[in-house]
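One structure coming up, written as C-alpha cells, with questions to follow.
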Amino acid sequence: MLDPVSKLQGIGDRFAGLPLPIQLEGLTYERGGKRVIDGIDLVIDSRLVTVIMGPNGAGKSVLLRLLHGLIAPTAGKIMWAGRPLDRLLARRQAMVFQRPVLLRRSAAANVSHALSLRGIKRRERTMRVAEALRLAGLKEHAATPARVLSGGEQQRLCLARALSLEPDVLFLDEPTSSLDPASALVIERLLLDAQRRGIKVILVTHDVGQARRLAEDVVFLNHGRAIEHQDSESFFANPLSESARAFLRGGLVL
Amino acid sequence: MSDFIDAFRTAIGLIVTLNPDLVEILVLSIKVSLTAVAVASILGFGIGGALAVYRFPGRGVLAAILSALMGLPPVVAGLVIYLLLSNVGPLGVLQLLYTPTAMIIAQVLLVTPIIGALTRQACQDLLEEYDEQLRSLGASPSAIVVTLLWDGRYRLITAVLAGFGRAIAEVGAVMIVGGNIDHVTRTMTTAIALETSKGNIALALALGIVLLTIAFAVNTALIWVQRLANRLAYA
Amino acid sequence: MVPPVQRHLVLGLIVLWLLPTAPLGLAADDGFILVQSTTSTQNSGLFDHILPKFTQSTGIEVRVVAVGTGQALKNARNGDGDVVLVHSKADEEKFVADGWGLKRHDVMYNDFAIVGPASDPAGIAGLKDADQALKKIAEVEAPFASRGDNSGTHKAELRLWKRTKVDPTKASGDWYLETGSGMGATLNTAVGKHAYTLTDRGTWLGFANKRNFKVLVEGDPQLFNQYGVTLVNPAKHPRVRTEKGQAFVDWLTGVEGQKAISNFKIDGQQLFTPNARPGA
C-alpha cells in the first residue's frame, strides 16, 4: 500500500519559514479587453489547505497563475510576507496542472530533470527521485517512458515531482478532474500529507466533494472577484452569498 | 533505353569490384556532406531553439528569413562562399578555395537553414505543451531550449536526415567552390556532371544509381527512426 | 546523459575525421599548384595523360580547375590559380598586358571542326571554308549550338561569324542555341537537338555520345586552335606558388612536356601538336 508519509523534510521545521500572509491588493488581470480578474483584495494567512472554488470562467486558474508568477497582473500586487514575488521566492513554489505535463523520457528522468533545473547535485537527486517515485507508488515504473503511464499514474508522478522540489507553496489546478477515483484518492492523501509537513497548499477545484474533504480555508470566486473568504466549516455550513449558495447546491451560477 | 541497361550493368560492375575511383569519390561525398550536416546541426539546433524560446524584437523577421533560406539555390550558396574564399575575397588568406573544407562550408550554408527552420518549428510545437510547466519549474530560457531539443529529438533527427539528403544531392555549390579537381574535390555529383559532359552517359547514370541507393538508404533509416519513436511513445 | 568517456571518444573521432579535409596551409610549400584551364583540355583526357609524368618528375601535384577560358582567366585575375592554360591568344595577351600574367608561352595546337548530324540539312559537308559553312547554316536556319560562354572556342566561333557578316545572336533561342556551357555539355545539347556546333578536336575525339554526328568541316586555317600557358603574376598576387608554377610552365614548354603532349593519342590519333618555341 502506498505510504504517503514523506521523508523529504522534517516535520515542523517548515512552518516557521512559510511566506505568509499572502496579500492581494486590487489585483486585476485583463485579457482581450475583458477583466478576467476584477480587483481582488484578499489576505491568506492560514497554514492549512486553501481551496479556491467557483463556477467555470470565474477566473480560478488565472488567479492561480498570477499567484505563481506565470502571468503578470494588469494592475494591483501580490505580496508574500510583505515581499513581492522574486526569483528566490519563486524557487520555493511548485505547481501541478490540470493535465499532467511530462517530458519524453522515463518517469525517473522527469523528476531528475526538475531537480537539476533547481541545481540539485546528482547524489541528492538520486535520493529525491527514489523518494518521489516511492511516494507516488511508481517505484517499479522508474524506467518506463512517462508518457506511456496511465492518466492517474502521470498525475501522481507530476505531484511527486513537485513535492521532490521541497516547495514552501504548492499550487494545484484541478489536479484530479480527469482522473479515476483511485488515483484521485492517492493525490488527495499526498496533499494532506504535504500540508501536515508544512507545505502551504493552494488548490483550485470545482469538485465540491473534494473541497469538503481537503479544505480548511475557502475562497469563493465568481466573475473574477473574491466573493467570499471563510474557514471551510463556516463556508459549507453557511455560505454568505447567493452565488455560493447556488454553487454548493449544484445549480448553475450566473 | 540501352543507356539505362548499360547504366545498371556498369553500376553493378563498379560496386561489386569496389572500383577505387568510385570508392574515392563516394567517400569524399559522404565525408563532406556528413561533416557539413554535423556542423549545420549544431548551428541549426541552436538557432532554431533560440528563435522558438527567446523573445526579442525582429524575431519574426529572422524566423521568416530562416525559412526563406531553406530554398537557397545551391549554386548561389556556392557563389557566395566563392566570393568569400577567393584570393581577392575577405577570407582569401585562409587559402580554402578548391578544398573539401570549402565544400563543407558551402554545404553548411545550405543545410543550416533547413535544420534551423525545422528545429524552430519543432520547438515551437513542443513549447505549446511545455511552456507553463517549464517556467513553473524555474527553467531559464537556455535550459528550456536544451530541454526542448532533447524532447524533440526524433523530430530533429528527421530534420538532420532531410539536411543530409539535400547536401549529398547538390552539385552547384560544391562545383563552384571545389572546382571538381580530380582526386581532391571530385564528388559523386560533380563526377556525374563531368561524365555527362564527356558523353559517358552510361557511366554518369551508373554513378547516379549509386547516389540514389544512398539516398534510399538514408530515407529508409528515416522511416525506421520514426517507427522506433512511435513505439517508444517518444514521437 | 552521455558518460564523459564516450563523449571524449566521439569528440576525438570527430577531430580525426576533420583533419584531412582541413588544409589551412598558407600557400608556399603545400606540394601542389593550381591550374585554371579549359573544359576542352580536360575533356580530351590530355591532363590525365601528361600530368602524372610531371608529378613523377618533379614531385609537384597539379590540381586542375576546368572551366571556360573566360572564367579561367577571371579566376586567375582573382589570384585563384597559379597558372592558366587556355586557348584564346588575344585574351591571354591582354591578361599579360594588364599585368595579371607574367609571360605567355605557346604550348600546343590542334584545330576546331564543325560537327553536325549525318543528315546535314545545310549541306556543308566537305566545305573548305568555315565561315561559308556558317553562312549556309544561317541561310537555312538549321539549328546551331554555340558555347555562348566567352570561352576560347566561343571566341573562335564569333570570329567566324564576323566574317560572314551575319549576326546569329539575333536568332538566339530560335535556331541559334547559346548553351553557356562547357564543350561537352554543348556537344550533348547539339546531339540532342540535331544541331551543328563548333568543337575543338580534343573534346570531340574523346566524346562518347556522338550518336550519328560526324565532322563535316575541317582544315580551314581559320580553324587553327592555339593553346597557351601563363604564370599568374606574383607581383599582383603574392600568394602565387611562383617557383612551382614556373616549374610547370618550363616543363610543359620543355622537351619532356612537349613529348608527353605528342604521345597523347586516342585510337591512334594524336590530339594536340606541341609547338612551344624555346625562349618564347
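By letter and in written order, the chains are A, B and C; residue numbering begins at 1 in each of them.
One rule holds for everything that comes next: contacts are C-beta pairs under 8 Å (C-beta built on N, C-alpha and C of every residue); 3 or more make two chains touch, one makes a residue touch a chain.
Model, not experiment: these values are computed from the prediction.
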Which two chains share the largest set of C-beta contact pairs: B-C
Distance-to-centre winner among chains (Cα means, whole assembly as reference): B
Chain located farthest away, centre of subunit B as origin (C-alpha): A
Length of the line joining the C-alpha centres of subunit A and subunit C, rounded to whole Å: 78
Approximate Å spacing (C-alpha centroids) for the pair subunit A, subunit B: 47
Subunit B and subunit C, separation of their C-alpha mean positions in angstrom: 32
For subunit B, residues that touch 2 or more chains besides their own: 150
Interfacial residue positions of subunit B with respect to subunit A in the complex: 129-130, 132-133, 135-139, 143, 147, 150-151, 153, 232-234
Subunit C residues touching subunit B - in the complex, by the definition given at the top: 1, 14, 17-18, 21-27, 34, 39, 43, 47-48, 63-66, 78-80, 181-185, 187-188, 206-210, 237, 239
Complex interface listing, subunit A residues touching subunit B: 65, 68, 70, 90-91, 93-95, 97, 101, 103-105, 113-114, 117-118, 145, 147-148, 165
Subunit C-touching residues of subunit B, taken from the complex the two chains share: 31-32, 35, 38, 86-89, 92-101, 104, 150, 179-182, 184, 194, 196-201
